[in-house]
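Each of the two complexes below includes chain A, the first together with chain B, the second together with chain C.
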Partner chain A sequence: MSWEQLGDHAAKIQQSAIIMDLRQRGFGYDKGRVYDSSMTDEQVQTVVDITAGRFAGVAAMFDPFIKTADPAGFDRLSERLATEVAHWLNAGQGKGGTEMAANPDLGRMDDVKNLVEPWFGAAAVNFRDNFLSKWPGITANQFLLIMILKGAAEAEAGVWRAARASIDDIAHKAQAALDAMLDCNPKDLAFLLTVAGSIGAVGGFVTTGGLSLTLTVLGEVSASAGAIPFGDKKELPFSGKNAMAIVNAVQGAITELIGQVIAAENKILESLNAGLSAVAGSSDLFIAPRPALADATPATIRDETAGLGSALG
Partner chain B sequence: MGELADRVETMRVRATAPDGSLTAELYDRDQLTLTFHNDYYRQCDDDDLGRRLAAVASLLWVARTREYERIYSDVTGDYSTGEGPPATERERDWRAERDAIEAHGASEDGRVRVRAVGLRNWTVTIRPGTTRTLDEQQFIAAAGQAAGALIRDQFTRLAALSNKYYGNDQP
Partner chain C sequence: MPHSGEALGVDAANLYNAGRFKVKVLADQFGGAATSLLGTQAGDGIFARDPRVGGSLGPAKGAFDELRDQVVGLLKETQQNMQDTGDALVMAALEYAATDEGSRTAFKGIRETLDAENHVPPVPS
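This part shows the complex of A and B:
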């Protein structure tokens, strides 16, 4: 079943539930016509209408999943963020796409350290303490923020891919159970829900150099090597012995699936909120403080404390 | 209905008598046709034909069950075959009654009668003189009518039993 067919499939499940319920109660069914030799057509129609009423709303149970997020949309966002990281890392190296390599431009900060070696004065001390020493930690943390965003996009794609697979499994097995309900050996089946196991922690990052930050990066379990899933796949066995039992099992599975999606979304939200809180609460971990020198005026530029200071040699 | 029902509805299975005298084919759920080999129909007597048809019917239903399970596995991903032990007393009772279902079918002229208990023990009774009265094609049509009637009877009884044990009013 393709995703676009879910609505039609849901309608077919409802119709099958009605027909199988009637057939179990002894009504005949042939090419869209329900019959019973001991009843008039009007009497049969009344029974059909009552039965249809009992199963009204079965197709609508699938509605929340018909217009869900498209996983491919998150894939595109994730790829774009990867491209951004790659662009930053590869600046000046002529690489494209998401191929990543060290950016030698970032390492030139070491050259700056050497160049400012003979520089003395308050501005020089501030530049060394607030900018040079913190440079590795701040750039690492900025990368981490992008990786958190990329991981969240990847996790979203994973959640909705798993949600689609799970609702497809529910629809598929419910229909099969209804089809097999009156055969010689109707077996019990189990719905397989995979959202809880679809996302996990790819890794936590701790920066060094006195700037310490631990945040969780998420990812889609199937796409990220080493990702540790937050939950397990869940099997929900159900009885395929009567139409109402099958429909009730579908309702239970959909409720469970929605719960899994909400829990997974909360994990993603937690990860993003933690990143946001870190930026809001410790902006110095991500952005070097504005140098006082930047606000210098012609009057203060040569000041002993607020000015440039002096150079030896 | 769904893919499983559609595929079961259209599946075809066949079985041949151990001595190769006749082949039966089941299709469209309850349609049956026969093919006689080596001019067997012209040489057989009614009782012998009845015994051979019963043997072929048994083989045909085994083939039907096997094909059904293959399709079921294909559609559901459940590759377990056969039945495990009953999980409840109700299931045990249901199986006992199911295996005791006695289904019947007869041709429109009543010359060919088929009986099956639990779809395992088959009896085919052919009214004396039938093979000398009906030509091969007429007999094949009569056998098909009897087999179709039995299959429909079996599933009607199965639905009633299912309703008795697992209908919505059951706990």
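This part shows the complex of A and C:
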């Protein structure tokens, strides 16, 4: 059984619930036909119809997970954010999640400091003090924002991978419980919901410049060494004594699973909102002022007060 | 004592190197990162799910888009500032190199070496 087959299995669970309920009440069942020697076919059909009505909504209980967000799509997004975006700003501080090569070209900005060192016009001083000196910290903070986005994508992948595994577990164990319902010792089973433990905070990221807010990069626990999960796997024991008890347990587990998904995604929302608040409240930590040099013209570039002035030394 | 002659030509070549092969290279990379980040919008369908599970796109989608747009803006602004600064450094190099014959000669030689090392055609004199 797998998530892709969930719709088929949901229909089978509904059918099994009807049949096992009838069999537990003493009806015979053979090759798709329900029978009872003390009743007419018409009377049996009436009972079958009533029973089918009692379990009519069972397959539909699984509908919220027939179509889910796409964990593989989030994996691709996370990978793209790492290799096509974050990599360019990674001076080597990236930790957790996808291993990512640092961009050695970032060191070129250190070279620039040396190359403009002899110049002391106002634009040169402004460039050194207001742009070059802030460059490493601001680049690191921009990198952190990208890693928050990447972490959100990775966490979404984790949430939905766990959600698919959990709904698959619910369907599998519900079917197993129904199949074993008439055994001498019907199984007492437990649904295993793994969404709450699937994502967590990935350590190792620090903002530069004294930001008052704490920014948290999230990740999928199974993919990020050192990630601290927000919750634990949860087992929901249930009794397999009759079809209605099993069905009710399925409904409870699915409701719980929906709650876990929403709670986990709200953690992702918190991480993203913290990034937004940081940019809104402390934009100077995420963007350097435009250097005066950027607006120099041939008429001003050699000026002592507006340009590079003279090279000294 | 302000530099002149060959020393000024070397200083100008350093400005050229800083502008063309340091600042503008990084500006291009930041621009590429911004474009790539913007390009991830195409994958927004991955958020879609049954609306009973947190809404049709989930609770995080809006904030994800907003933060992505903010970061695209930061990267683009950084790119533009660096691009213009790099251009200004190259312009300054050409201006200072034209000061006298000594500076012109020293600058020309170093610039040709830098262009060759970086496998790019030289800017017009």
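Here, the second predicted complex is superposed on the first by the 251 of 313 C-alpha atoms of A that agree within 3 Å, B and C clash if a C-alpha of one lies under 4 Å from a C-alpha of the other, contacts with A are read in each partner's own complex, and residues count from 1 in each chain.
In the analysis below, contacts are C-beta pairs under 8 Å (C-beta built on N, C-alpha and C of every residue); 3 or more make two chains touch, one makes a residue touch a chain.
The structure displayed is predicted, hence computed values, not measured ones.
Chemist: Looking at the overlay, does A:Val202 come into contact with chain B only (first), chain C only (second), both, or neither?
Modeler: neither
Chemist: Check the residue A:Met244 against both partner chains and state whether it touches chain B (first), chain C (second), both, or neither.
Modeler: first
Chemist: Which partner does A:Gln24 contact after superposing on A: first (chain B), second (chain C), both, neither?
Modeler: The answer is first: A:Gln24 touches chain B but not chain C.
Chemist: Counting touched residues of chain A, say whether chain B or chain C comes out ahead.
Modeler: Residues of chain A touched, chain B against chain C: more for C.
Chemist: Quick one: is A:Pro64 in contact with chain B, with chain C, with both, or with neither? Answer first, second, both or neither.
Modeler: second
Chemist: Thinking of the overlay built on chain A, is A:Asn185 touched by chain B (first), by chain C (second), by both, or by neither?
Modeler: Once the two structures are laid over each other on A, A:Asn185 reaches chain B alone.
Chemist: For the complex, which residues does chain A have touching chain B?
Modeler: 12-13, 16, 19, 21, 23-26, 172-173, 175-176, 178-187, 189, 239, 241-245
Chemist: Spell out the residues on chain A that touch chain C in their complex, using ranges where they run on.
Modeler: 63-70, 73-74, 76-77, 80-81, 84-85, 88-89, 103, 105-106, 108-109, 111-112, 115-116, 118-119, 127, 131, 138, 142, 145-146, 148-149, 152-153, 156, 160, 163, 258, 261-262, 265-266, 268-269, 272-273, 275-276, 279, 286-288, 290-291, 293-296, 298, 301-302, 307-308, 310-313
Chemist: In the complex, go through chain C and note every residue touching chain A.
Modeler: 1-3, 7-8, 11, 14-15, 17-18, 21-23, 25-26, 29-30, 32-33, 36-37, 39-40, 43, 45-50, 52-54, 58-60, 63-64, 66-68, 70-71, 74-75, 77-78, 81, 84-85, 88-89, 91-92, 95-96
Chemist: What residues of chain B sit close enough to touch chain A in their complex?
Modeler: Residues of chain B touching chain A: 1-5, 8, 65, 68, 72, 75-76, 78, 80, 83, 98, 119, 155-156, 158-160, 162-163, 165-168, 170.
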